[in-house]
Amino acid sequence: MLAELRGLNEECGVFGIWGREDAPQISYYGLHALQHRGQEGAGIVVTNGKGLQVVKGEGLVNDVFANNKLDELQGHGAIGQVRYSSENGRGIENVQPLVFRSTTGSLSVAHNGNIVNATELREHLERQGSIFQTNSDTEVLAHLIKRSSGSFNLRDRAKKALAMLKGAFAFVILTEDGLMIAQDPNGLRPLSIGKLGDAWVVASETCAFDIIGAECVRSVEPGELIIINDQGLTSERFAPAADSAMCSMEYVYFARPDSDIDNINIHSARKRCGKQLAREMKIEADVVTGVPDSSISAAIGFSEESGIPYELGLIKSRYVGRTFIQPSQELREQGVKMKLSPVRQVVKGKRVVMVDDSIVRGTTSKRIVKMLKEAGATEVHVVIASPPLVSPCFYGVDISTDSELIATNRTNDEVRDLIEADSLTFLSPEGMLESIGRSDTMKNCGQCLACFTGEYPTEIYTDTVLPHEKETVR
Amino acid sequence: MLAELRGLNEECGVFGIWGREDAPQISYYGLHALQHRGQEGAGIVVTNGKGLQVVKGEGLVNDVFANNKLDELQGHGAIGQVRYSSENGRGIENVQPLVFRSTTGSLSVAHNGNIVNATELREHLERQGSIFQTNSDTEVLAHLIKRSSGSFNLRDRAKKALAMLKGAFAFVILTEDGLMIAQDPNGLRPLSIGKLGDAWVVASETCAFDIIGAECVRSVEPGELIIINDQGLTSERFAPAADSAMCSMEYVYFARPDSDIDNINIHSARKRCGKQLAREMKIEADVVTGVPDSSISAAIGFSEESGIPYELGLIKSRYVGRTFIQPSQELREQGVKMKLSPVRQVVKGKRVVMVDDSIVRGTTSKRIVKMLKEAGATEVHVVIASPPLVSPCFYGVDISTDSELIATNRTNDEVRDLIEADSLTFLSPEGMLESIGRSDTMKNCGQCLACFTGEYPTEIYTDTVLPHEKETVR
Amino acid sequence: MLAELRGLNEECGVFGIWGREDAPQISYYGLHALQHRGQEGAGIVVTNGKGLQVVKGEGLVNDVFANNKLDELQGHGAIGQVRYSSENGRGIENVQPLVFRSTTGSLSVAHNGNIVNATELREHLERQGSIFQTNSDTEVLAHLIKRSSGSFNLRDRAKKALAMLKGAFAFVILTEDGLMIAQDPNGLRPLSIGKLGDAWVVASETCAFDIIGAECVRSVEPGELIIINDQGLTSERFAPAADSAMCSMEYVYFARPDSDIDNINIHSARKRCGKQLAREMKIEADVVTGVPDSSISAAIGFSEESGIPYELGLIKSRYVGRTFIQPSQELREQGVKMKLSPVRQVVKGKRVVMVDDSIVRGTTSKRIVKMLKEAGATEVHVVIASPPLVSPCFYGVDISTDSELIATNRTNDEVRDLIEADSLTFLSPEGMLESIGRSDTMKNCGQCLACFTGEYPTEIYTDTVLPHEKETVR
Amino acid sequence: MLAELRGLNEECGVFGIWGREDAPQISYYGLHALQHRGQEGAGIVVTNGKGLQVVKGEGLVNDVFANNKLDELQGHGAIGQVRYSSENGRGIENVQPLVFRSTTGSLSVAHNGNIVNATELREHLERQGSIFQTNSDTEVLAHLIKRSSGSFNLRDRAKKALAMLKGAFAFVILTEDGLMIAQDPNGLRPLSIGKLGDAWVVASETCAFDIIGAECVRSVEPGELIIINDQGLTSERFAPAADSAMCSMEYVYFARPDSDIDNINIHSARKRCGKQLAREMKIEADVVTGVPDSSISAAIGFSEESGIPYELGLIKSRYVGRTFIQPSQELREQGVKMKLSPVRQVVKGKRVVMVDDSIVRGTTSKRIVKMLKEAGATEVHVVIASPPLVSPCFYGVDISTDSELIATNRTNDEVRDLIEADSLTFLSPEGMLESIGRSDTMKNCGQCLACFTGEYPTEIYTDTVLPHEKETVR
C-alpha cells in the first residue's frame, strides 16, 4: 500500500560494519537496501581508529552521497541510518547517525525505535545540566552513557544506560574501537547480525545482507548487548529477555519481501496470510488483485488458495519522486491519477477481490475502490491481510491516533460502507499469528499486537505523548 | 527485465493535446505515464495561438520540469516527448519536440520510430541547400514539409512529405493552429487518440489516457493523417494502409501492462503468452518466478496454467536512479548486487521456473540463473515468453546487431549451456501470435516479427545502417 | 554601472582556437574572461577533425561546464560563446555556438552582433525552403553559406554569404578543418586575433588573451575573412572596408578595463574621458566617487584632473547572483539595498561628484542620487563620461527605444531635475572622440556615434525592427 | 588581496534582530552584507515565541536559502551567522547558529571569535558528563550556561558562564524571549547594535545596518552583556572592561570599506594608511596600483599623497566561484591566470607601485610581482599598508603559524628578494596606529597588535593549540 497516503511509517533502518577497508562503500549499499524504511534523510559515520568522519543529509541515500561525497569517508568501521521523519523531527540536525565528540573518545549512534520514557529521562538529564541539540530520543542514550557514574568502562556504562530505557529500540553505536549493538528487552524492532568474509555486519533487515553478499548469522536477542571490535564479537545482557514481542507491522507492511525476521521470510509470511484469508472467507469473484507493492504477496496467496485468478489490476508509477509536481485539487477531481492506475481491461465487468495489507484512515481504500468501479468493476471485495488497526503505537510506528483510525469504534459493516466496498474482510488475529508462524519456529517468541488489541507489551509512561500530539506541539 | 543491462530500448513516447487551457499540465502527467519509454530527455512545446513556447532538457520528466519550469508554459495546445537516446543521439539539441520557426508560422515535431530512408532523404535535401541541426530523423520530415513544392496548404504539404518516408513512425506535430498526427503505412508504432472532455488527446500508449482521466477513442490507422484544430478532428490518408505490422516487442516488453494496443491489453496478452508457454512445455518444478517488472504477467500466466505456485523469487530495487553509485568491479565480484536480489527462502532447495520476456545477449539471463543457484535453487528452468531474437531491428528498437544476439546461429541447447540453465524454452512464433490475438480482434491486422524471423515488412534501403554501426560513426 | 538595472546590454562574446590539444580547456578560460559580455548562456564546440562535439547550457560558464562537462570535449580546434539574451532569445535552443550537421561536413557558428537585414534574408531563405530552429540571426549565415550556388568551395561560399549581410557582426566559425573569422565592413564589433605558442586564438576582447597567456597579434579588419587551419592563417576580403565605425559603448561601458580595442586600452581611454570631463566642466566639490564597476576609471581621471580627492563612496555587493532573493517592494521602500550601498562616512556632509558612464532611463541615476543624499551628501553632481543617449541601436546593443531614453527630447536641465541632481554634465561628443583617440592611432578609423547622434553608419532596412518591438512580438 | 590564496581568514560574521515580523527576511539581507566574512556556511534561527526554527547549510547565503527555504522561517526574533571554516571545522554539524533544545526553554548561539581556554573548559565539562556534538568553541558557552549552579535566572547564568571564557568572542544568543549579546573584555571582535524602526539589530559590521536601512546606535562594549526583549534593551557587565584591543586586521583586511568600527570608517582608515605610507617612504615611480579588492583604498591614499597617478593595473575576475574549474598546474605554468590579470598597457614600460594590505606567506606577492613584470613593468615597488606579520593569532584569525609567515625571522631585504620586488616597504606600527586613529576618537581604546608584535592582550592558556596544529589533529 501507499504509505505516504495514510501516515503509516516507521522510523528508520540502521546498518553497521566492522573490519573492512571498504566499510563506507559497503554501508552505502547496505543503506540502499534499507531505503524503503526511510526516505527523508541518510547518513554514514566512519572511523579509521582516529576520530569519526560523517556525511549526512536530507533526501535519499543516492542524493546524500552524490557528488563524490562517499569518497570523503575512509575507515574500517562504519554505521549508517536511513530515516523517516515525522513533522516533529525534520531538519538536518535530526538526521542520524548522531555524533558526540569528546576528548576521551567520540561516539556515534544510529537508532530505530521509540523510547517511551524519553521525556522523563530527558527532563532528568536536563536538571543535571545536559543540553540537547536534537528532538531525537537517540540523544538520550548518549547522555546516559556519558553520565553513568562510577569507574565503569564504556561497555558497562552502556549496559547501565540501556537498562534505563523503556520502549522499542535497536541501537547501533560506533566508537573509534568498535561497534556496540543493542535491542530492547521485548525485541520490538528487527535487528540481525551477519558476516561478510571476516567482517561483521549488522542491519535492520536481512535484505541488506543479500545486496552486499553477506550471510545472516542470527537475530540480535532481546536485551542483548553485542560488542564487536578487532578482537571479535562478544555478547552480554543488559536486561533479561522479556516476552518477545516483534512488531507485527514489520511482517504486514514495513519489511521488504526478501527479508527474513527471525528466520521467517516476509514474502512467504504474507502469502500465508493471503491463503489464510481465503480460508477464513469465501468470496465469489472473477479476479484477485493486490495493491502494489506490499500487498502483492498476500494477493498471490489468496488467489492460490481460492482458485480465483491473480491479475495485475492496479499499476503503480515508478517515477513519482521528490520533484514530481502534485496535480492540483481541480485536476485530481477531474481524474488525474498520481501513483496508482487501474488496468481497465482486467477489471471491466469483473467482480474484483482487492487485497491490501492494512487500513489506517480508510481514505486510500475508498479511493482505490472508487477507481476500480470507475474502471468497470461490477463488485469490489476488499480483503485486508491483517486485523483492524484500533490503537496507537508508542514504539515508533507513525500510526495516527485512535480518532483517525477508521476501524476504531466502528463495526465491520460501517467501515465497509465508508470505503464503499461490496464486502470487507479482515484477517483474524489468530489467523495472522498462525500464518506468520513465529510460535512454531521459535520458543518463547511472540508478536506485538498492540495496534490491533490495545495491549502493550511494555509499561507506557505517564509522560508518553501520543505521536500525533507530539507533532502538533511545535 | 532490465533494459539497461542489455541494450533493448525503444526510441520514445509522444503525447499531444488540443483544446484545454491546462494543456501544459495535462501534457506533463501524460508524459509521466510514458516515462518508461524513455528516461534520457523530455520536452513540451505549447502554443496559445501565437508562437510556440518550449521547455526541454535531459533527464526525467520530473527533473526537466522542476523549479517551476512547467509554469513557464501557457496555452491550449501542446505536444511532448520522452526520449531514449542511443549514443549517437545524445545531447540537448536532440531532445524533442524539435521546433522550426518561420515567418509564415512555426512548427514543432515529436516522433517515435525510425525512418529507414532517412540518410538518402537527408543527402537529397542537403543537395538542395537544407541544413540540419540534429542527428534525428525527425528533422527530415520538417524539411520535406517545408520544401514541398506547388501551391499546397500545410495539410497537403504534410501528406506529400509523409508519403516520402519509409520505415516506422508515429508523428505528433504542433502548429499555432492545431495538431497533425500521422502513423506509418504499416502501423509499426502504437499511437492512440482519445478525448478528455471536449479536448482531443493523442499518446503512444493508452496508459497516458488513464492517468489524466481521458477516454481512449481508437488507434491511429496505418497511413492516416489526422488534423485536430478548433474546428474538430478530420482524418485523411497520406498512403494506403499496407499490411499491418505492429511491433511485437511492444506486447512483449515495451508497453506498460495497463496499456491497450488496438484494444488488446498488454498484461492480458503477456499472461496468455505465459499460459501458452506452459502448454507448449511441461516442466517439473516447485516454484514459478518472473524477472521484474516486464515478465511478471507471463509468470502469473505460466503458474496459473501449470499449477506450479507463483512466488516472488526476485526483488528489484526501486531506488537505483541516475545518482546511484555503481559498485566497483571488485565489489560486484564479491557479490554486491545492483538492481535484482533473489529471495533466498523462496528459492532455496527448490526447482525454479524463471520466466523472462526475452533474451538479447544472454549475459543478464546468465547472471540471474547464477544468482538463483547461489541462493540455493536446485534447478533453474528458463522460460522465455517470446521467440528467439535473431535479427536486428531497423524500426527504432535498439536491439544489438546479429553478432551480439545470443540466439543467432546457435541451437537452443547451445544457448541453454551458455546461460547455465537446466532447461531453456522459447515461446513458438505461432503460440505468441495466437496468444496476443491480433488476428482475432482486427481484420487485416498483423504483427511485425522481423526481429524473430528476419522478414521485414518494409523495404530496407541500401543506405540503412545497422543501429550499432550508426553509433560508432561518431 | 549596473547593466541589469537599465537594459543596456550587449549580445555576447566569442572565442576560438585552433592547433592545441587542450583547445576545450583554453576555450573555457577564454570564455571566463569574456563572462561580463553575457551571463545567460555559454557553449563550446570542439572538433578533433572528425565531427563536432558540443556542450552548452543556460547560465554562467562555470555552471554550464560543472560536473565534469568540460571533460566530455576533446579536440584541437574549438569555438565558444557567452551570451546575453533579450526576452526574445531565451531558451536553450538559442544558446550558441549553433551546430549545423551535414553529410558533407559539419559547421558551427558563434556570433556577436546584429544583422539589420536578417528578417529580409530569412524570408527569402524560407521561400526557398529553408527552415529555422532558432530566433537568432546567426542561423541566417549558415543557410546562406549552404545555399550559395555554383561550384565554389566553402571559403568562397562563406565570402558570398557574408557579403549579403548588413549590420554589425563578428563571426567565428568552426569546421572539422579549421576556423573562419569575419568582421562586418564597418568593424562595429571588436574582434582580435592572437597567438598562444603555435596555436591561433581569436576573441571579442583581448582580456581573453591575457588570462590564457596568449599574445595579441592584431584586430580583425573590417570586411576581412580570416581562415585558420593546419596550413596556417590566410586573410581575404569579402567586402571592401567601409568607414570604420567601432561601437562607442565598447569603450564607454561594455569592455573590460584590461582589454585593448585597436590597441587602445579601455581603462586608459575611460580615464582620459574622465579627465576631459573635468576640463569641460569645473565643479566645486569635496569628493569624487564612481559608480562601480564600469565608471571607476573615469572617476579616477576626473579626480586627477580636477584635484578633488577620489573616494569609495559607493560599494557594490559581490554576492548578488542568480539565487539571490530580491527584496519585496515593501522592504525596498524601507531602505533595503540590493547591489549598491553608500559609504556614509565618506559622503556625509560632503559635496559629491558622482561619475557614471552613461544614463539610459535615468531611474538608476535617480536612485543613486537619492541614496547619496540620504547618506548625508549635501550636493550631488552627476557627471557622465559619454554624451546623452538619444537614439536606439540596431547593431546588437540592447538600448531601449527612444521613448525610454531619458535624454531624448529633453534639455540637460530637465534631465537633471528628473534625477534630482544638483548638476548634470555630459561629456561632449568631440571630447569623447578625442579622449578615446581612435583618429590619432589609426588611419581611417572612426567610431559609431549612432546612439548619441542618430546617424547610422550602415543602411537601416525597412524590415529592421526596433529592439523593443522585437521583444514583444512573442 | 586574495584571502583564499594565503590562509588569512576570519571565523565569521553574526547578525541578530528582535521585534519585527519580517525578522527572517531582514536577517537574510543582513547576512548577505556580511558574506565577505565567511563563505562556507550560513544559517538563521528564528523564534515566534514558541520554540526555535532553523535553516542552515554549507555554502553561500544565497545558496543555503534558495528553493524557498527562507519561507520556512517565521517569527519576530532571529539570529544568523556566516561562516569561514578551517579544515577542522568543516561539516554541516559545525554550521551555526547552534541550537540547544530543552524542556525548560531552547537556546541558539552564533559566535565570532576564538576561546583560548576552550579545551580546558571542555575537558572540565566532559568530566561532569557533558557531551559535545561539534568541534566548535560555541558549544562550550551553552554548556556553561546550562550547568551554572545556584538558583540564578538565565541572565545571571549567562554572565557567570561568560566570565569563565578567555579569548576573543562576540556572541549573539537567541531564546524564545529575546536576544543576549556579549563581547569579550578586550573587545577583540567588532560588534555593533542598531535600530530598525522600533526593532533592535546587532551585527559584526555596520555595513549590515546600511543594507537593511537601519541606523547604527553604538558598539557593544568590552565585557558587556546586552539583553533585548519585548521590554527593550538592558545592559549589564559580566566583566570589567580590560584594555581595549580591537583586532588590527579588521581595519587592514577583513571589514568592508563601507563599515565603521567604533565610528571609524574602514575605507577612510585604509586610505589614511596609504597616505602615511607615502609619507614614510618616497618612491620614484610612474603609476600606483592596488591589489583588488582590499588594497584599493590604501592605493588611492598613496597616490593622493605621493602625487603618482592611480591606475587600475590589476583586474580581479568577478566570476571565480565554487564551480570554477581550477587550471591544471601545467596550464598555470603556461600563464593561465585565475583571479587576477595585469592591465598590460597600464604597466608596460612603467615603474609600478603595487600596494597590498599585508603579506602572509609571500607566495601571492611574488606571483603578482612576476605578473606585473611579465606585463612589462620596469620596476615593481611593493608597499604594504600594515606592519610585517610575525606571530600567530589565537583569537580566531586563521593566520598560518610563524614558520609559514615570510616576515618571521627575516630582514626586509630578505623578504624583498624572496618576492622579487625592486623595493619593499611596510607601514610602521606607529604609522598604522596613528592613521587608524582609534586613540584619537575614543578614550582608553586600543588595538590588538599581537600578530605584528607577539604581545597578546589576554592570557594564552597552556592548552591553546596553534591553529595549524589544530587542523592536522583530524
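A few remarks follow.
As written, the chain order gives the labels A, B, C and D, with residue 1 at the start of each chain.
The rule we apply is simple: contacts are C-beta pairs under 8 Å (C-beta built on N, C-alpha and C of every residue); 3 or more make two chains touch, one makes a residue touch a chain.
Quantities reported herein were computed from a predicted structural model and do not represent experimental measurements.
Of all the chains, the one whose CA centre sits at the greatest distance from that of chain A is C.
Distance between chain centres (mean CA atoms), chain A to chain C: 60 Å. Centroids of chain A and chain B (each the mean of its C-alpha atoms) stand 37 Å apart.
A straight line joining the Cα centres of chain B and chain C is 47 Å long. The multi-chain contact residues of chain D, meaning those touching 2 or more other chains, do not exist; every residue touches at most one other chain.
Arrangement of the chains shown, judged by which pairs touch: one closed cycle in which each chain has exactly two touching partners.
Note for the complex: chain A touches chain D at residues 51, 54, 56-57, 91-93, 98-104, 107, 119, 122-123, 126, 128-135, 142-143, 146-147, 474.
Listing the residues of chain A that touch chain B in their complex gives 22, 25-26, 28-29, 32-33, 35-36, 60-63, 65-66, 70, 207, 210-213, 256-258, 260, 265, 267-268, 271, 293, 296-297, 300, 304, 309-312, 315, 317-325, 327-328, 331, 334-337, 341-346.
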